[in-house]
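Next up: some structures, all given as structure tokens.
The following pair of complexes shares a single chain, chain A, combined with chain B in the former and chain C in the latter.
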Partner chain A sequence: MFEARLVQSSILKKVLDAIKDLLNEATFDCSDSGMQLQAMDNSHVSLVSLNLRSDGFDKYRCDRNLSMGINLGSMFKIMKCAANDDILTIKAQDNADTVMFMFESPNQEKVSDYEMKLMDIDQEHLGIPETDYSSIIKMPSGEFSRICKDLSQFGESMVISCTKEGVKFSAAGDVGSANIKLAQTSNVDKEEEAVIIEMQEPVTLTFACRYLNSFTKATPLSGQVILSMSADVPLVVEYKIGEIGQIRYYLAPKIEDEDS
Partner chain B sequence: MSKRNKQDAKEGAKKRRSTISKRRVVIFKSELLSPDSEENPTFVQIRHPSSGNGATFLFSGDNKKVLEVMQFSDSKRSYFIDDSVSSDGDTYFCTPMDPLFLALPYLMKTKRCCPLDQTLADEEFPEVERLVHCTMDVSLIADRRGDESLNAFIYNEEKTLLWLQTKLERLIAVLKEKNINTSKTVAVSANFVKTDDDEDSGVNYMRYAYGMILDYIPESLATKFAEFIKLPPEPEKSNKRKEIVSPSQPNGKKSKVEEEEDSYEPKTPAAKQDKKTPSAKEQALAKAAKGTKSISSFFKKK
Partner chain C sequence: MGILGLSKLIGEVAPHAIKDNEIKNYFGRKVAIDASMSLYQFLIAVRNEGQQLTSADGEPTGHLMGTFYRTIRLVENGIKPVFVFDGKPPTMKSGELEKRAEKREEALKELEKATEAGDAAMVDKFNKRLVKVTKQHATECKELLTLMGIPYVDAPCEAEAQCAALQKAGKVYATATEDMDALTFGTSVLLRHMTFSEARKMPIQEFHLDQVLEGLKLTQNEFIDLCILLGCDYCGSIRGIGPKRAIELIREHKSIENILKKIDTSKYQPPADWEFAEARKLFIEPEVADPNEIDLKWNNPDEDGLVKYLCGDKNFAEDRVRGGAKKLMKARSGSTQGRLDGFFKVLSTTPAQKRKGDEKKNTAKRGKGSFRGKPK
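Now for the complex of A and B:
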């Protein structure tokens, strides 16, 4: 039997909104430690890794490890049925082929049940090695979202270059070129509003704008985004999900053109 | 219709029947004809028990015996018959068969108890009524109800399966006696020494005999019969070779078959996914992915 209760059901709604563009379906692996999801997008260039720790839930029970293959579009439809202040309970039997979502209004006057069919999904778990990234950029998530949106108007790919001076986002295309430079914030009052760069080595990598834009769908989850980069390894874009966990997006860099 | 008989030492009697339009060469044993009967044997069209379509059978003059007619076609052959040539080179072999096989589908079809002459009636093939006069013990496949003079029967599946099993056992005995090769491979090398303790041979004989009986029973009965005699399921195609080669190198072959199976399995779900036409959004995302390395080239599968 699996049961997880989350007072802030809106969190899960935001999580789904953050992944449903990249993934059509995915498997939620439920264990004693919490709920995990790992999946690649259809083109296999990006990977979504979601972790919701069991202690972040208001009530969590998982007797046996459970893998729930879920059509994320369908699940999002169900989540949209919940009011923002509803309390969510996810329930599933051990070998069930359905999962139950229950929404309770805060005053307990309205209770809605949604049962959803599970799917058989071929799982391909990738091992993500521990990496010491040569550059780690912490910045306001809204800022990152804005930069991605702005730069994607100029070109299909975006160059992120991190140096001592700061971080530079640039794109070039038919219209012209665009450069956005962010310097490290000098006086840090609130960490969320600051740009913090931890750099061992300068890095310059190129990524597909559209994917970065998809990642920024997670902006409502957290005020801060952490970008981790090293030469020739995928970029990590991480958003904290309140006190409950985090969502990480991995994006493989573009293959550098020989000419440029 | 002129008819001439000529004794053939080897094959019993060779009988040549000639009609005004066409003459055919038919071979069957002369003793199967009832010599006392004044009636000539007749070819009739009745329903074949296996296919359900019409087929030609030869009934003896007194309708006591039924002979199955097998046609061997050869377009390049003609016969000299006395002083003339018959361009029809086909040979018809008539072999006796158990009329119960012919009656079986009718009994199966008639759910309730019914006199035999009513059961064995077919609008399409009216000649089937001849079966009523055949020498056969209907009680082997059906239960007699009421008075004997009524000649009424109701189909009994259990009895039928037992009867078929007896047939099967007899067939196997004959196959073994005649040393007929029943293994999957028809070609057997000259130096092939058949061993009696071959485990598979029993099953092979059974399967071979079952296949022969299968030609004479309705399809619905075939599966029930296979279950009844506990016929092991036919090995998979991919295993066929394994079956032959296995005694010499069982492990090597087996692992290969397993590998093949493994490599095939994941393909099916992937193929299913391909069927879905991607939405415009997905297409745009796929387009954006161009020129980007695959993420799985960085992260190894667990």
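Now for the complex of A and C:
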């Protein structure tokens, strides 16, 4: 038996919105420690790693480990049926074919439940090595989203280069080129609004704008985004999800061809 | 023509081994293409109102058209193709080739009949059956590929075998052919429908040999024997043993030798002088060029050279050829997108578990299938 109760149902709605562009379907692995999801997009360029800790839920019970294969589009449809202040309860039996979503209005006067069929999904678990990233950039998530949107008008790919002075985002294409430089914030009053750079070594990497734009769908989840980069390894884009967990996106860089 | 009914058998017994994928998900992959197969496809498919495309002096140019535009399509999707051409057919294939020659003769007769009767649809049908890929076609395509900057390999013998060798040596990611015997030759990833026209919207079918073997519960050698029993190009098979029976027999007895000892040979007659052992050897040790000595290089297209070659006598439109060359050039500039599986190791794959609802789903699918087949 699995049961998880979340007073702020809107969190899960935002989470779904943040992953449904990249993934059509995925498996939620539920265990004692919480709900996890790890999946690559179809083209195997990016990976979503979602973690919702059990202690972040208002009530959490998971007797046996459970893998729920879910069509994320359908689940998002269900989540959209909830009002923002509704309380959500997810329920599933062990080895069930379906999962139940129950929404209660705060005054308990309206209760709606939705049962959704589960799917069979091939799962590939990737081992992500622990990496000491040579540059870690913390910045306001809204700013990052804006930069990705603006630069994607100029080219398919974006160069992110991080130096001591700051971080530079650039793109070039048929129209011309674009550069956006952000310097470290000197006086940090609120961490969420600051640009903070922790750098061991300067890094420059190229990424496809398309994926970055999909990642920024997670912007409503958190005011701050953390970008971690090292030479020749995938970029990590992380958003905290309140007190309950985090969502990490991994993106393979573009590489120069060696045999052409 | 590959292995009789193998894809159907895999679809039934080991459905997990087949994955449908979109062409755009193969960016950055090097793929060995069985050129004889694709040339044949092009000669048949690239037509204008049922007529073959020809040059000013009546030589067909469909193969060049196909090679040019469909290669561009692959390159635009970020794929790096390498074409592999057949060498001399193995002597063991002579039986199969004779059969094909007979069929051509039959088709020729039918064509005459149809032309007399004035049945256009039948004329078209038999015309297509008469299509044959000649040395000349292959040579022309090689010239074209060189101008396009696409590498090709001349296999000493069967192209599928050479593709498999390239793939096993890690020179390419996969073999693209419609012939299922690429799997028998040991290709671990086989792609079908790669060179099909975009308009057909066919997803690419990806076969993984390890999963095929796992699903069929066979070793590679047992798999080869299974393919021989199903019917390959190199020798006959036992009459009266279909795919279902063949896989049961192989699972039980492990090899054709043992099967012959166990079954009632008067009921199931093996062909006289059955050369299954030689055929097996051909699959295990095919005649191929050493893949490590093959250097694959992709070059810039020669735009003027292409115009000179394709326009003029061969009746290609200059602006389209120049446009194609530009596309090739554009795809070469810039860097290639990396893949996450190149950085992170796959720890485990959990195939979809069977759920209770599965059976219902299957029947529903079958229902749909028969509905589609009904004439309106």
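Assume the second predicted complex is superposed on the first by the 256 of 260 C-alpha atoms of A that agree within 3 Å, B and C clash if a C-alpha of one lies under 4 Å from a C-alpha of the other, contacts with A are read in each partner's own complex, and residues count from 1 in each chain.
Here is the rule we go by: a residue touches a chain if its C-beta (ideal position, glycine included) is under 8 Å from a C-beta of that chain, and two chains touch if they have at least 3 such contacts.
All of these numbers come straight from a predicted model, not from anything done at the bench.
Asks: Will chain C clash with chain B on chain A after the two structures are superposed, or do they fit?
Replies: clash
Asks: Name the contact category of A:69: first (chain B only), second (chain C only), both, or neither.
Replies: second
Asks: Identify the partner contact of A:255: answer first if only chain B is touched, second if only chain C is, both if each is, neither if none is.
Replies: both
Asks: By the touch definition at the top of the document, which applies to A:183: first (chain B), second (chain C), both, or neither?
Replies: After superposing on A, A:183 lies clear of both chain B and chain C.
Asks: Using the touch definition from the top, say if A:111 reaches chain B (first), chain C (second), both or neither.
Replies: Neither partner.
Asks: If you stack the two complexes on chain A, which partner ends up touching A:97: first (chain B), second (chain C), both, or neither?
Replies: The answer is second: A:97 touches chain C but not chain B.
Asks: Can A:43 be said to touch chain B (first), chain C (second), both, or neither?
Replies: both
Asks: Looking at A:127, would you say it contacts chain B, chain C, both, or neither? Reply first, second, both or neither.
Replies: Touch partners of A:127: chain B and chain C.
Asks: I need the one stretch of chain B that runs into chain C once the two models are overlaid. Options are 61-69, 241-249 or 277-285.
Replies: Only 241-249 shows clashing C-alpha atoms.
Asks: Share the list of chain A residues that count as touching for chain B in one structure and for chain C in the other.
Replies: 40, 42-47, 120, 122, 124-129, 157, 208, 233-234, 250-255
Asks: Could you list, by residue number, the parts of chain B that touch chain A in their complex?
Replies: By the definition above, chain B touches chain A via 266, 269-270, 278, 281-282, 284-286, 288-289, 291-302.
Asks: Show which residues of chain A lie in contact with chain B when the two form their complex.
Replies: Residues 21-22, 24, 40-47, 120, 122, 124-129, 156-157, 207-211, 214, 233-234, 250-255 of chain A touch chain B in their complex.
Asks: Touching residues of chain C toward chain A in the complex: what are they?
Replies: 16, 21-22, 24-25, 27, 296-299, 332, 334-358
Asks: Help me check something: in the complex, which residues belonging to chain A touch chain C?
Replies: 40, 42-47, 67, 69, 97, 117-129, 157, 206, 208, 233-234, 250-257, 259-260
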